[in-house]
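The two complexes that follow have chain A in common; it is paired with chain B in the first and with chain C in the second.
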Partner chain A sequence: MTLDFNWLADPFYQLWLLRGLGTTVLMGLYGIVLMLVIGIAGALCLHFRIPVLDTVVTVLVELFRNTPPLVQLFFLYFMLSEIGLTLTDPVTGRSVPLFSGFTCVVLSLGLYNGAIAVEIIRSGLLAVPPQTVEGARSLGYTRLQTFRHVELPIGLRLSMPAMTNNVVSLIKTSSQAALVAVADIMYGATQIMLETFRNLEVMLLIWVIYIVIASLAVMAMRWIGQAFRIPGYGTQVS
Partner chain B sequence: MNSELNAFLLGMVGVPLVLMGLIVAVYGGETGGILAVIASRTPMLLSGTNDFSSYSGGFAANIIISFWAMLLSLVFGCLLGIGMIAQNRPLRLFSSFVMNVLRNSPWLVVLYAMLYLLPFELRLFGATIYLSPLVKAVFGLALPVTANIAEVFRGGVEAIASGQWESARALGYRRLQILRHVVLPQALPLMTPNLMTTYAMLFIGTSLVVVTGTTDVLSVARTVIASDGEHVATGIYIYVLFLFFVFCFPIAILTRWLERYVRG
Partner chain C sequence: MLSTTASFQSATASTLLAGGFARARSLGLAAVAGAVALLLTPTFAEADQLERVQQRGKLIAGIKNDYPGFGSIDANGEIVGVEIDLARFVAKELLGSEDAVELVPVVASNRIELLNAGRIDVIFATLGVNADRAKVIDFTEEYYHMAGIVLLADKDMEISSWEEVKGLQLCGIQGNLYNRPLVETYGAETVLFTGTAEMFKAFQDNRCQAIAFDGPILNMKVAEDGWSDKYKIALDTFDYIPIAGGVRKGEPAFLEAVNNAIIAAEAANVVADGEKNYNLGVSEYVTNRAKQAAEALKGE
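Up next is the complex of A and B:
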C-alpha cells in the first residue's frame, strides 16, 4: 500500500482545505463563546437555586448530556426549517432560512458542550472554600456581588482542567458539521475524496490537522490557566 | 440512593415532557398525526424490521456495536494503560503519545479513516473474512475509546497507595503479578464509575456510525424520513433523541450513585 499525496499540490484543493480550516476554527471559537455563556448562566441558575429555572436547567442539562450531539444537530437543523423562520434576501428576492447550517452547528455545539460546561462550572463553584465566601459576605458583599467578584473568578480557575477537555471535545464534535453540508474542513475533505479517490490519504491528513488544532487548543488553555493562576493557590498546572 | 432517585425521576419525567412540548410547539394541530407516524415506525427504528423479526438494525444495532466496541477497547485500553505505567521509558513515552493522539482525534475522522484503512476482505489461514461496515464501525469507534480507557486505567492504578506496590515487591511478586493480584482488585471499584461514563460516551458516539453505511438507528430514521416526507423529520429526530436518552440516562444516574458509594 503506497500513500500518494500528489493531489495536495493542486492549488484548488489547497484553497478548499484552507477555507474549510477557517470555517472550522471560526465555528470552534463561536461555539466556545456560546458554551461559556450557557455554562455560566446555567451554573448561576443552579447555584442560586432560582425556583423554576433551576429545575428547567437541570432537565435540559440531562437532555443534552445524554443524547448524541449529531442527533441534536439534525433535530435543530430540521426543526428550524420546519417552523419556517425565513428572511427575504433583498438582492435576489428569494427566501432564505434565517438559520443557516453554520448557525445550527454553532447552536448545537454551544448547547451540547454548554450543558457539560454547566456541570463543570457548578462543581468548580462548589470547590470554592466556604471560608472565602463567608469572608466576602461578612465584608458586606451581597450574594450577587460575592458570586461576581469572589465565587465565579475562583470557580472558573478551579474548573480549568475539566474545561480544557470540554474545549477539545467541542473541537472534535465540530467535525460533524460536514454532515449538514457546512463547508468546514471535513466537508472539503469529503469533496476532495469524491474527486481524487485518495480516501485514505485525505483522511489521514485531516486526522493530523485535527490533532494539531486540538493540541494547540490544549496549549492555549494551559497558557490561559497559567496566566490567570493565583500564585500559591489552586491546582498547580504542570 | 435518595438524591440520585430524585434526579432520576426528575429527568425521566422532565425530559419526555420537554420533548413532547417541542413536538406540540413545532406541529401544533398536526401533533396527533405525527405521533401516529412515530408509533407505526417504532418497530422499524428499534430493530430495523417492521415486526421485530430480527434485531440486526436500528437501535438494536447501536447497542450491539457499542457492546463489541467496548469489549475491544477494554482489551486494547488495558494494554495501553499497562504501557503507560511501564518502567521502560521508551515504551511509556510511546504509549502516552499514542494515547494523546487517539484522545485528541475526532471520532468521525477515525471512523472514516478506518473505513478506508481496513480491507474489504481479509485472508487468514486460507479462510476469507469479509469485513462488513458494522465490523469497521466497531473498530473505528473502539480506537478513540481505547485512549479514554487507558487513561481511566492509569488513573485507577495510580490512585492506589505506593505502599501496596512496595510491600508486594518485598514479598517477591513481579510487577505484572503485583498489578494482577494486588493493585487491580483494589483499583477496579474506583475505575468502575469512570468506565461506565466511558461506555455512555461510546454509546452516544455510536450515532456517528451512520456514515459507514450500517443500518443503525439514524440511517433507519433517514430512510423513514425519505419515505414519509421531510415533514416528519423533526418528530422522528425528537423520537431518536428520546431513545438515546432512555438508554443513557439510567447509566448516568447509576454512575453517579456508584461514584458516591465508592468514594464514601
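Up next is the complex of A and C:
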C-alpha cells in the first residue's frame, strides 16, 4: 500500500485546512474560558450551598453532564431559533438566529465540559484540608475571604490533573462542529476526502493534528501546574 | 451507451457462457446457475463478488433514505423511490427474488468508503459519474441524468446568473461535487450539512440566503406546501451529471451481471415508471434509455 499526499499541494485544500485549524483552535480557546467560568461559578454555588441557586446548579449539571454533547449542540443550533431566539439583521431586515454556528459550538462546549468542570472543582475544594480552612477562619477571614484566598487557590491546584482531562475532552468534542456547518478542521478534511478519496491519508493528517493540539494543551496545563505549585504540597509533577 | 450489450454480440466464449448464465437464472434454476458459475471461475479471480452475493443469497445495496424520488421513507415507513425499485429489480435478476436485497441507507460522504470496505455490494444512491470517482470504483450503466445544482431562494430574491451568488451564504450538503466550483469559481460561501433535513431547517432559520443542491430534490421541495408560496427555483443548473450505480473495482463478472440487470430494468420501464410514480417528471433521457434497452434486448 502506498500513501499519496499529493493533494496537500493543492492551495485550495491548504486554505481549507489552515482556516479549519484556526477555527478549531479558536473554538477550543473560547470553550475553555467559558468552561472555567461556568465551572468556578457553579462550584461556588454548590460549595456555599446558596439557597435555590445550588439546586438550580445541581439540576443543570446533571442535565448537561448526562446528555450527549451532540444532542445539546443540535438543540442550540436548530431549536433555539424555533422558540424565538432571533434577531433582525440590520442590513437585510431578515430575522436571523441569535447564535451563529460558531457561537453554538462554543456554548455547547462550555456548557457540557463546564458541567463536568463544576464537579471537578467541587471535588478539588472538598480535598482542601479542613484544618487549613479552620486556621484561616480562626485568623479572622470571613467565609468569602477564606474561599477567595485559601480554598479556591488550593482547590484549583488539586483539580489540575482532572481538569487537564476535561480540556483535552473539550478539544476533541469540538470536532462535531462540522455537523452544524462550522468549517473546522474536520469539515475541511471531510470535503477533501470526498474529492480525493484519499481517506486514509487525510485521516492520518487529522489524527496528527488533533494529537498535536491536544498534546500542546496538556503541556500548557502541566506548565501551569508547575508554575503555581506550592512547594512541598499537592500532587508531585513528574 | 449500451456498450456491454454490444459486447454480448461479439461472441467470445466467456460472453456466450455469461448469456447462458443469464437465461438459466431467469428460469430460476439455481443449481444450473451454480454449475455455470463453477465453469466460469477459471476466467476470474476465485470467489469473486458475484459468487459471494449468490452464496449469501442476498444483494446488499447502498441506497438513500432522505432523497425523495430516488430513495426516501414514505408515510407507512417503507423506503420507496426509483433507485429502490431498481435495486429490487437487480436483486431479482441476480438472485431470483426481489426480496433478496438488503437496503443499507448511505449518505454522499460515506457511500464509496462503505463500498470499498465491503459493507455493501453496490451503490444505488444518486451517484454522479466523474473521473475522480472512476479511479476508485467502477461505474455501472448510467440510468439517469440529473440536473446538477439549482438554486432555491426566497420568491423576491433577484438573481439572474450564477456569477451573482458571490458572497452569498448558500446551504448545501457535504460531499456534493459542486461545492468546490461554487466557492472557487463563483465565490459563494457554503454552509454545508450532512443531511437534507438539517439543510432545509437551517435555510428556513435563515442561516443561509439560498440552497444550492441537486435539481430533482429542490424542484420537489419547492412544490411542497409551505414552500411553494414562499420560495422559488431562482437559478437553473449550469451542468447535468449522469447517475450510475457503483461497484468495487476488479469485479468484472459482478459488474457485467449488474449492468445486464440495469438494462433489463430499463427495458421493463422500471426507471421510466418510477419517474412518473415518484413525481420526478418525465425526462427524455430516461425515455430514450428505456427504448434503447428494449431494442437491445430484442436484438440479442
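A few remarks follow.
In the analysis below, the second predicted complex is superposed on the first by the 226 of 238 C-alpha atoms of A that agree within 3 Å, B and C clash if a C-alpha of one lies under 4 Å from a C-alpha of the other, contacts with A are read in each partner's own complex, and residues count from 1 in each chain.
The working rule: a contact is a pair of C-beta atoms (placed from the backbone, for glycine too) under 8 Å apart; a residue touches a chain by one contact, two chains touch by 3 or more.
A quick note: this is a predicted structure, and the numbers were derived from the prediction, not measured.
Of the two partner chains placed by superposition, only chain B is touched by A:Ser215; chain C is not.
Applying the stated contact rule after C-alpha superposition, one finds that A:Thr173 touches chain B and leaves chain C untouched. When both complexes are overlaid on chain A, the residue A:Gly101 reaches chain C alone and has no touch with chain B. Touch criterion met: A:Leu200 reaches chain B, while chain C stays clear of it.
Once the two complexes are laid over each other on the shared chain, residue contacts for A:Phe12 go to chain C alone; chain B is not touched. In the superposed pair of complexes, A:Phe78 makes contact with chain B and with chain C alike.
When chain A is checked against chain B and against chain C, the one touching more of its residues turns out to be B. When the two complexes are overlaid on their common chain A, residue A:Asn66 makes contact with chain B while staying clear of chain C. Judged by the touch definition given at the top, the superposed model places A:Met186 against chain B, while chain C stays out of reach. Residues 78, 82, 178-179, 199 of chain A lie in contact with chain B in one complex and with chain C in the other. Those residues of chain C lying in contact with chain A across their complex are 108-109, 112-113, 132-133, 135-136, 171, 174-175, 179-180, 184, 191-194, 198, 201-202, 205-207. Contact residues on chain B toward chain A in their complex (touch as defined above): 7, 10-11, 14-15, 17-19, 22, 26, 100-101, 103-110, 112-113, 115-117, 200, 204-208, 210-211, 218, 230-231, 233-234, 237-238, 240-241, 244-245, 248-249, 252. Here chain A touches chain C in the complex through residues 12, 77-78, 81-82, 86, 94-97, 101, 178-181, 187, 190-191, 193-197, 199, going by the rule given at the top.
For chain A in complex with chain B, the residues that touch the partner chain are 55, 58-60, 62-63, 65-72, 74-75, 78-79, 82-83, 168, 171-173, 175-176, 178-179, 186, 199-200, 203-204, 206-207, 210-211, 214-215, 218.
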